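Residue numbering begins at 1 within each chain, and the chains themselves are lettered A, B, C and D in the order written.
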Amino acid sequence: MRSDNLLRVSCGGVELDSPIVVASGVWPFEKDFWQRDSFPGLGGICTKAVTLNRREGNPGTRIWETPAGLLNSIGLQNRGVEHFLERDLPVISEGGIPFIVNVAMENHDETSEVLRRLEDMRNMIPAVELNISCPNVSDGGMAWGRFAETSAQAVSMARKKWKGPLWVKLTPQAEDIAQVARAVEEEGADALVVGNTWLGMAIDIDTARPVFERAFAGLSGPGIFPLALRMVWEVCSAVTIPVIGCGGVTSYRDCLAMLMAGATAVEVGTVMFLDLQSGKSFSSGLEEYLLARGLDGMKDIIGKARQ
Amino acid sequence: MRSDNLLRVSCGGVELDSPIVVASGVWPFEKDFWQRDSFPGLGGICTKAVTLNRREGNPGTRIWETPAGLLNSIGLQNRGVEHFLERDLPVISEGGIPFIVNVAMENHDETSEVLRRLEDMRNMIPAVELNISCPNVSDGGMAWGRFAETSAQAVSMARKKWKGPLWVKLTPQAEDIAQVARAVEEEGADALVVGNTWLGMAIDIDTARPVFERAFAGLSGPGIFPLALRMVWEVCSAVTIPVIGCGGVTSYRDCLAMLMAGATAVEVGTVMFLDLQSGKSFSSGLEEYLLARGLDGMKDIIGKARQ
Amino acid sequence: MCISEGIRDFDGIAEKLQKITSRVFTIDFHCPEIAHGSSPGQFVMIRFKDRLDPLLGRPFAVASAKGDSFSVWFQVVGKMTALLSEVSPGEKFTVRGPLGNGFGEPSGDKLFLVAGTLGVAPLLKVYEEFSGRLDCEVHLGVPDKTWKPFTEQVRQLIPGLRIFSDDGSLGVHGTCLHGLPGEIGQREEIWACGPVGMLKALAERYPQNRSGIRVSLEARMACGIGGCQGCVIETVEGKRRVCVDGPVFSSEEVAWDEIR
Amino acid sequence: MCISEGIRDFDGIAEKLQKITSRVFTIDFHCPEIAHGSSPGQFVMIRFKDRLDPLLGRPFAVASAKGDSFSVWFQVVGKMTALLSEVSPGEKFTVRGPLGNGFGEPSGDKLFLVAGTLGVAPLLKVYEEFSGRLDCEVHLGVPDKTWKPFTEQVRQLIPGLRIFSDDGSLGVHGTCLHGLPGEIGQREEIWACGPVGMLKALAERYPQNRSGIRVSLEARMACGIGGCQGCVIETVEGKRRVCVDGPVFSSEEVAWDEIR
């Protein structure tokens, strides 16, 4: 750990060497990807969503490119919490980089069981990110995050089971994002991730059918950045816990904008498809920005545009 | 009028030679732009928003490019309904192309006065588009369109004053778009435009300030197409009156997708900044698609992906 | 008053990219409609054909025209200009134009053409058009001697060019306003283009002669045809659109106090 | 099992574009890491550096490697391939790789390499690598004689190439499966790449020999590194990722019935 690190932030119970965190669902569990030195500049990595049982995910087309964007309908494919704890956790906890276990909200009983099992391994797990925002499943997912009341129920349950740092990932499809954010804060979340993908769709004109079996899918990538930034601004106006900006970040400039809007860290998903070294180039960019202006650290940037 | 026109549609009380309509706010009032033959392939043109009094619009930066998108914060700059009726209406009604007068919802009294004056000229005005969705003003605008109740109030007022074809332009910032759509249909709207720009923001990292004086601005352009298409699909599931798809259309393929999702016509805004001949190239594309598949007209396309 | 007549989106093919300094370039575009159809001070909006990012065209003055081609001069300041500085011959563009009012006809028999760096671009075309018929005295200001290749390139087109630099390392020490006369005569005019600070200083320098000063202004643009209202500036008659009401304004029209 | 080791995003410079037919092209990329580091059947994901549209890289087989460069063969089918068919030498790309498992080592001493049109791309590299050590018999199927320049280009690299066409207008009338033996011997294998219908037909043709057939599959990809789960196909063990568990699968692993 470099203690002289200009980019160090403390975010919702996790110490990050850099505010740049890999978002859930884009990073494989293969060992090499979790070594602190393999991908310098990253502050942390979120795992792919974990559910109680193995999930096969959605049939049919799962990804579709749009102008400066990407629609996905993966549907939480994963091998279940058992497999995660036995096979993946040992691998990813060895690399030394802080990681955050993304837990997809299914229903009360299943998800509380997942969290109970993670709680048993609390000393190995830096943080949990409760995903109440997946748009690609019929059971639970984003339905939890659309309203303040259901969001509060989910977080209240999670808070009881999981005692470590708890991040909650909100959905842009919330009816009133500020209200949801406040409700989640009240239930004891340590940080808010704002947010998941934006509900979109595509139609294949050759077949005259929706591209995705579930018709709708989640839009990510640079095209949505202005929308995500606005939502981060709104949530930062509503709560006092740290906010992690997520959605369309593709440059260190985007990171700066998110931070200046009030975010304490950023999550980057789609950009890792474009450049695996984004962590490095973004942190260099941030560092140079700070140095060029004689700023002391992230505190001089976070929320700057609000003053 | 070409009666053998494959692309002809009847949409919310207006007969269009092609389903491609220029969206509000991108087209100047200069005469040459309203001649039916100047820009072939267009079915109609929406005017820039008209308000009761002259409005200066917003100070500061008004446009900002984003990846595959455009943020604008014009703020309804226009010269007021008086000027519109005396100076612009004679010009635009001479060209022969159907036009739709975009009326921005300010408050009950002002907007009903605007509609009253338009009603006096009803024989000259093919349709009115009630804009309950402008994100760039503090008084009224999108605030009307966020909820079913306020949307209904606005449309109920408009329906009383303006007896001609009434299109209502919804906002993606609606809490529940289907509910808003149904409420607007019930109050007697003839068609729904889905939708206006998406609320976004930009931060200038050099000044560490929001780019726009009002911080938030409206996002348009190809980046939002997947979101707009999804919303059109949702609204078409909720109502039976015609829907006009609007948001990010940049190719005849996008037009087809909107139509297949259930839209009767499409409005195109930002793409006119890229190519003034979009009307022509999109209608050629549509025509070729129909001919290649031996289809008889728009009825064979509209809603096709829903079957 | 049919401003729009003839405005269309034409195909433009990049023919030649010339690097003048590390940040300043010229490109020749093959585009007969613009080459033959534009007058001094008018501009075009240029975008990569079939690319959605960058999305919008960017405004550039038509700096000169020869045969079926016209050239633009530009400085790398952001996304589009960076990409333009790496174009390959043959790349396809959409060129919207000819746009704007242009400088119009001179009212006297002497023109002072005053440029801050790239502001010289529209004035090159003015010089091309009018230097045969009347006296054109051209003043060009640059920051420092790193701009030498640029001033030399301009001098090839304008032999009598007067050069000024902010730090004195090139030409005369001072801004491009430095060598102008104390008063503008009856049959003299100043036509200027450059940073807004310079144009404002010009207005302040000749408070009594503003009607004899024409300035070409800049603003962020989306449409270039007067539709979007994105490019407005403050004038004594309220907000006006740079793209169709300008880019050339009489200095007396501009509400200089309200311009940042 | 460290699949990812060595996978990075490298710079690739387009060196040469060659047009073979109106829809088929090859490009050579300067990229030492891939040229020296990839094995037959592996692929790369290629995207325009610094362009956000098209956003994602697209997967292409490494068709051959020479010195510090490698080449890809491609057919124009959509957005990216259309743009690639117009690249200028010197254009900058990001090349992610080397990706996938590749074909691995042959288990016998005779290989039937069976390609449908562009499916020949990875097999070119297989041939380059193994034709010196063992018997490689290459079968290439195309629709019709408009593919003649393509088959000729392939034949330059593979002199003994056997050509088949669907309509009989080029080579032997029939699909590329047409000339294969009725049974695959003990020390023989079939390695194939092409449309999924062809690979399925191959599996159906040799129901008893599927373990002797290796097929390279395609799927839409976002990451290429096993992260996104976007590229899964159905196998007898459930969904597997084409990008890291493949693209080469034993024909007996694939759940052919569930593949469209």
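By our rule, a residue touches a chain if its C-beta (ideal position, glycine included) is under 8 Å from a C-beta of that chain, and two chains touch if they have at least 3 such contacts.
All figures in this text were calculated on a predicted structure; none of them were measured in a lab.
Shared contact partners of chain A and chain D, listed by label, are B, C. Chain centres here are means of the Cα atoms, and by that rule the chain farthest away from chain D is C. Here the spacing of chain B and chain D, counted between their Cα centres, is 47 Å. Rounded to whole angstrom units, the spacing between the C-alpha centres of chain B and chain C is 35.
Rounded to whole angstrom units, the spacing between the C-alpha centres of chain C and chain D is 52. For chain C, residues touching at least two other chains, in rising order: 52-53. In chain A, the positions touching at least two other chains are 67-69, 222, 250. If you sketch which chains touch which, every chain touches every other chain without exception.
The touching residues of chain A, when paired with chain C in their complex, are 67-68. Every residue of chain C that touches chain B in the complex is listed here, in rising order: 1-5, 7-9, 47, 52-57, 79, 94, 96, 220-232, 238-239, 244. If you check the complex, the residues on chain C that touch chain A are 52-53.
Listed in rising order, the residues of chain A touching chain D in the complex are 25-28, 30-33, 48, 56-57, 61-65, 67-70, 72, 74, 77, 221-222, 250, 270, 272-277.
The touching residues of chain A, when paired with chain B in their complex, are 66-69, 71, 175-176, 198-203, 205, 208-210, 215-217, 219, 222-227, 229-230, 233, 248, 250, 253, 256-257, 260-261, 289, 304-305.
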